[in-house]
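So that you can tell them apart, the chains are marked A, B, C and D in the order they are listed, and the count of residues begins at 1 in each.
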Amino acid sequence: MKKLINSPENVVREELEGVALAHPDLVRVHFDPNYVVRADAPVMGKVGVISGGGSGHEPMHGGFVGFGMLDAACPGAVFTSPTPDQMLEATKAVNGGKGVLHIVKNYTGDIMNFEMAAELAMAEGIQVESVITDDDVAVQDSLYTAGRRGVGSTVLAEKVCGAAAQEGRSLKEVADVCRKVKAWGRSMGMALTSCTVPHVGKPTFDLPEDEMEIGIGIHGEPGRTRMKIKSADEITEMLMEPIIKDLPYKAGDEVLLFVNSMGGTPPIELYIVYRKAHEIATKHGLKVVRNLIGPYITSLEMAGTSITLLKMDADLLKLWDAPVKTPGLRWGM
Amino acid sequence: MKKLINSPENVVREELEGVALAHPDLVRVHFDPNYVVRADAPVMGKVGVISGGGSGHEPMHGGFVGFGMLDAACPGAVFTSPTPDQMLEATKAVNGGKGVLHIVKNYTGDIMNFEMAAELAMAEGIQVESVITDDDVAVQDSLYTAGRRGVGSTVLAEKVCGAAAQEGRSLKEVADVCRKVKAWGRSMGMALTSCTVPHVGKPTFDLPEDEMEIGIGIHGEPGRTRMKIKSADEITEMLMEPIIKDLPYKAGDEVLLFVNSMGGTPPIELYIVYRKAHEIATKHGLKVVRNLIGPYITSLEMAGTSITLLKMDADLLKLWDAPVKTPGLRWGM
Amino acid sequence: MSISRDDTLNWIKSCAAVLAENRDYLTQLDAAIGDADHGANMDRGFKAVMAKMPEMADKDIGTIFKTVGMTLLSTVGGAGGPLYGTFFLQAGMKSAGKMELSLEDWTIALEAALAGVVMRGKAELGDKTMVDALMPALNALKQSLQDHQPLGDALRASAQAAREGMIATVPLVARKGRASYLGERSAGHQDPGATSSYLILNAAAETWKNT
Amino acid sequence: MSISRDDTLNWIKSCAAVLAENRDYLTQLDAAIGDADHGANMDRGFKAVMAKMPEMADKDIGTIFKTVGMTLLSTVGGAGGPLYGTFFLQAGMKSAGKMELSLEDWTIALEAALAGVVMRGKAELGDKTMVDALMPALNALKQSLQDHQPLGDALRASAQAAREGMIATVPLVARKGRASYLGERSAGHQDPGATSSYLILNAAAETWKNT
């Protein structure tokens, strides 16, 4: 296992210590239970926005805590949803009196843990709304299953909800923004290599030198299909077509195009993918009005990419462009 | 070779096409000769700042073109310095009448190509100053060799020189800022895995599953020594100690600490390294007043990290904090 | 013919041992159709439970179960955390104040535990989850109770039923949890949660076989 | 006993062929002590030169060399680009207006070419660079000229000297170029630039052996 770590047990703790040392102006890190919280939390009179999930997806979520985005993030063990006590403490820490939004990715573990935390927080008199992101079109959707995974659009939801909260909107209004992202965001990812979970010590799956996984999850879950590696253009098509087929959009709609690195894929390749994704979106009559390109929701050191499309309206554009100052995303200040 | 590319010959061109599609508000991309230039170039009455080098190090340099940083960047083939015609055209394109600074990394190829471009530009009546960055302490320095490689501090030089130019300083003043970074910046890197140059198709070097290279260059050049993999803390020490030994600093000095990903190392590991690097700097009496953590000067998909320390004074701090708006680095606007 | 406080604590210890022992096995199962953490999660949780042993030493069985549940809840995470947390919390509610459990008490506790898991996770039999091990185990227990079987036999029958339920998950297509994202590709693999449930119930049968 | 315009063009073509053929070999050499691009760089440059063949067809030798130099300069990049670009530009200056080259002309051209390389790169003999192939080749040529050897023999001797110079780079510790960053670790490897220089001079000896 080739990693810059000390011991598998200490990965999350030491990463959080690094975050605390690196960004004291933006965030505070609380240990036992673990959560990352805005340095100036709670912001009174503002809706709190929190999220959380397994570690290994950095900068999501801890790197998105700060002005104009998350108020707190709860990191679990690597690829393991955090526990209710973390979310409960974080919820209390960011409660500025206007309630708290929980942005939850659609995984059974995340949902159940957040649900228990929300029940406990509400029992303590804090208003909580939860919105579940489930944008991964690689997963066959069905009433009888757990539905789709929450992936790339979670990052976008955190940005626009954070901006809406910063603007002073009510809990319902902020949650409505999140529901809009849930309705309008679609993603799909692929892997060129497996990741290695530190405490496992070997790759989650074996992928021969000439094969790739299409429809991969962000935890190294196997994808839709395994096949011979293809060109970047062909791969981009394989990701874009299911997204666009699934999109509730029509020609002429404006979109944000997010090309993400799974962790091990460098910028030079992302721009080659972006080029084709932009071309395909345009061919379908979509107008790419914003973009995000880089490692924002990673899967440890996995090589690969995911693409997210989010339909934008005037309000989402305004919220996207609003100032943000976090370790992982920053503009306007 | 596991890469998101179409064909090795088209990697640079298609990446640049992606950049052009992604950031038309910030940059224009010129083809044949290839260079990335600020959308509003030339900015009259402002010193132009340009840099360039082989591709494969993204976001450096093309991703640092924009307000408050570079006016233009010249990308060569992967890991191959660009040619004089690129720098000459870029120099002309950004010349706002106050002269142009060439920031050149210390590689024989880069130096000779930039030198020829500078000669040609000066023959056309454009004032050019060149400053060579050579911060890699892994390389034994000597009057009789090519000296040290230019690595991480180049990114920092581009930021502060861009800010100085944006402020309206003269060519000599902007070059002086660059010379300060040259004098005060030190770096060292290591690799857990080799990178694969696209047209070569196989890893530049073979690194067994339990070994690493210390003192690696950003082109997959072999490093100082190869050894068994150690813990993140031990590795960080092996990078920090030679830097600090070499530093012209004393206890009490303020520094910027830059922990860089070589491309394949994800944020979670960088923060573990940052944690220890911060601790070591502090132990030596250095005050870490700014930092940068992420993939800023990469070596394709190589896994590994490099650390750069730059001593800061009031002027460098002011220039570092000044607004910047580029695809790869952005704050304050 | 009943389970004492000490028996209860011994069961918890034996769960911790058996989960530590099967950590890699459970992780391997989870790697195939999930995210390769079930073994580490359960092991981390029960190690935390072991650290609570001193404070549980003189408590009633209900408090013991509740402590186990709360500890799992705040240390396991993932799907396993809330499910096994709820499992022990619910068992604890039914055993509140008890210093020993009869077969009937244990059946009632397990019934509540399973109901808690189903309430939390909304899985049905055949969804390829821990419910596929727990439900047959509970049914076997109920049958033994009705047939007035001795406690040891009843527990063995219940563990055996859990084992069969666990093995029966192999051909299933998952409809709940992370494995469901795989669709058809989840078939042919044994469910990690059903496996840990079997291990836990089997530890009960083993620990309590002479009570 | 002289080199015509056509001979010159044939040499350039044969350089392109031999560098294409040795692309992987040069890259491999560069991977060991550099950055694995010398083969690709030279091949890209000479392919671009080949595209200029039509426009060079009716030009004098000086113009041909200058065109080759300018093309290499704007397509090779790295250290090789300015060095080989300067090499041909300088050779071109000395051959300006010439329609054929005697052994003496060629010696003068090569002397200027090498001087250009040294002026640009500031390498000395023994620094483990292309100079280690070029300088012995020039010296052999001068010797042959002094000894009134026929052109073909002189070229062969010069290529042979380049080859020996190339091989002599193996044990050297590099003091210039990218390989110098390796320090002692650069010893034991043949310099890629010295190798391409040998290939180019050997192509001259081969192409012009019957002139």
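Going forward, a residue touches a chain if its C-beta (ideal position, glycine included) is under 8 Å from a C-beta of that chain, and two chains touch if they have at least 3 such contacts.
Computed from a predicted model, the values in this text were never measured in an experiment.
Peer 1: Going only through chains that touch each other, what is the minimum step count from chain C to chain D?
Peer 2: 3
Peer 1: Between chain B and chain D, what is the gap in Å from one C-alpha centre to the other?
Peer 2: 32
Peer 1: How many angstrom lie between the CA centroids of chain B and chain C, rounded to a whole number?
Peer 2: The separation of the two C-alpha centroids amounts to 55 Å.
Peer 1: Have a look at which chains touch which and call the overall pattern line, ring, star, complete or other.
Peer 2: Graph shape, chains as nodes and touching pairs as edges: a line.
Peer 1: Can you name every chain pair that touches?
Peer 2: A-B, A-C, B-D
Peer 1: Which stretch or stretches of chain B touch chain D in the complex?
Peer 2: 33, 54, 76-85, 107-109, 112-113, 115-116, 136, 138-140, 144-146, 148-149, 197, 199-200, 204-205, 217, 219-222, 224
Peer 1: Considering only the defined contacts, which chain B positions touch chain A in the complex?
Peer 2: Residues of chain B touching chain A: 2-7, 11, 14-19, 21-22, 55-56, 58-59, 63, 192-193, 209, 212, 229, 231-233, 235, 263-275, 278-279, 288, 291, 293, 295, 298, 300-301, 303, 305, 325, 327-328, 330-333.
Peer 1: Applying the document's contact rule, which stretches of chain D touch chain B when the two form their complex?
Peer 2: Contacts found on chain D: 27, 31, 33-37, 40-41, 44, 73-83, 120-121, 174-178, 180-183, 185.
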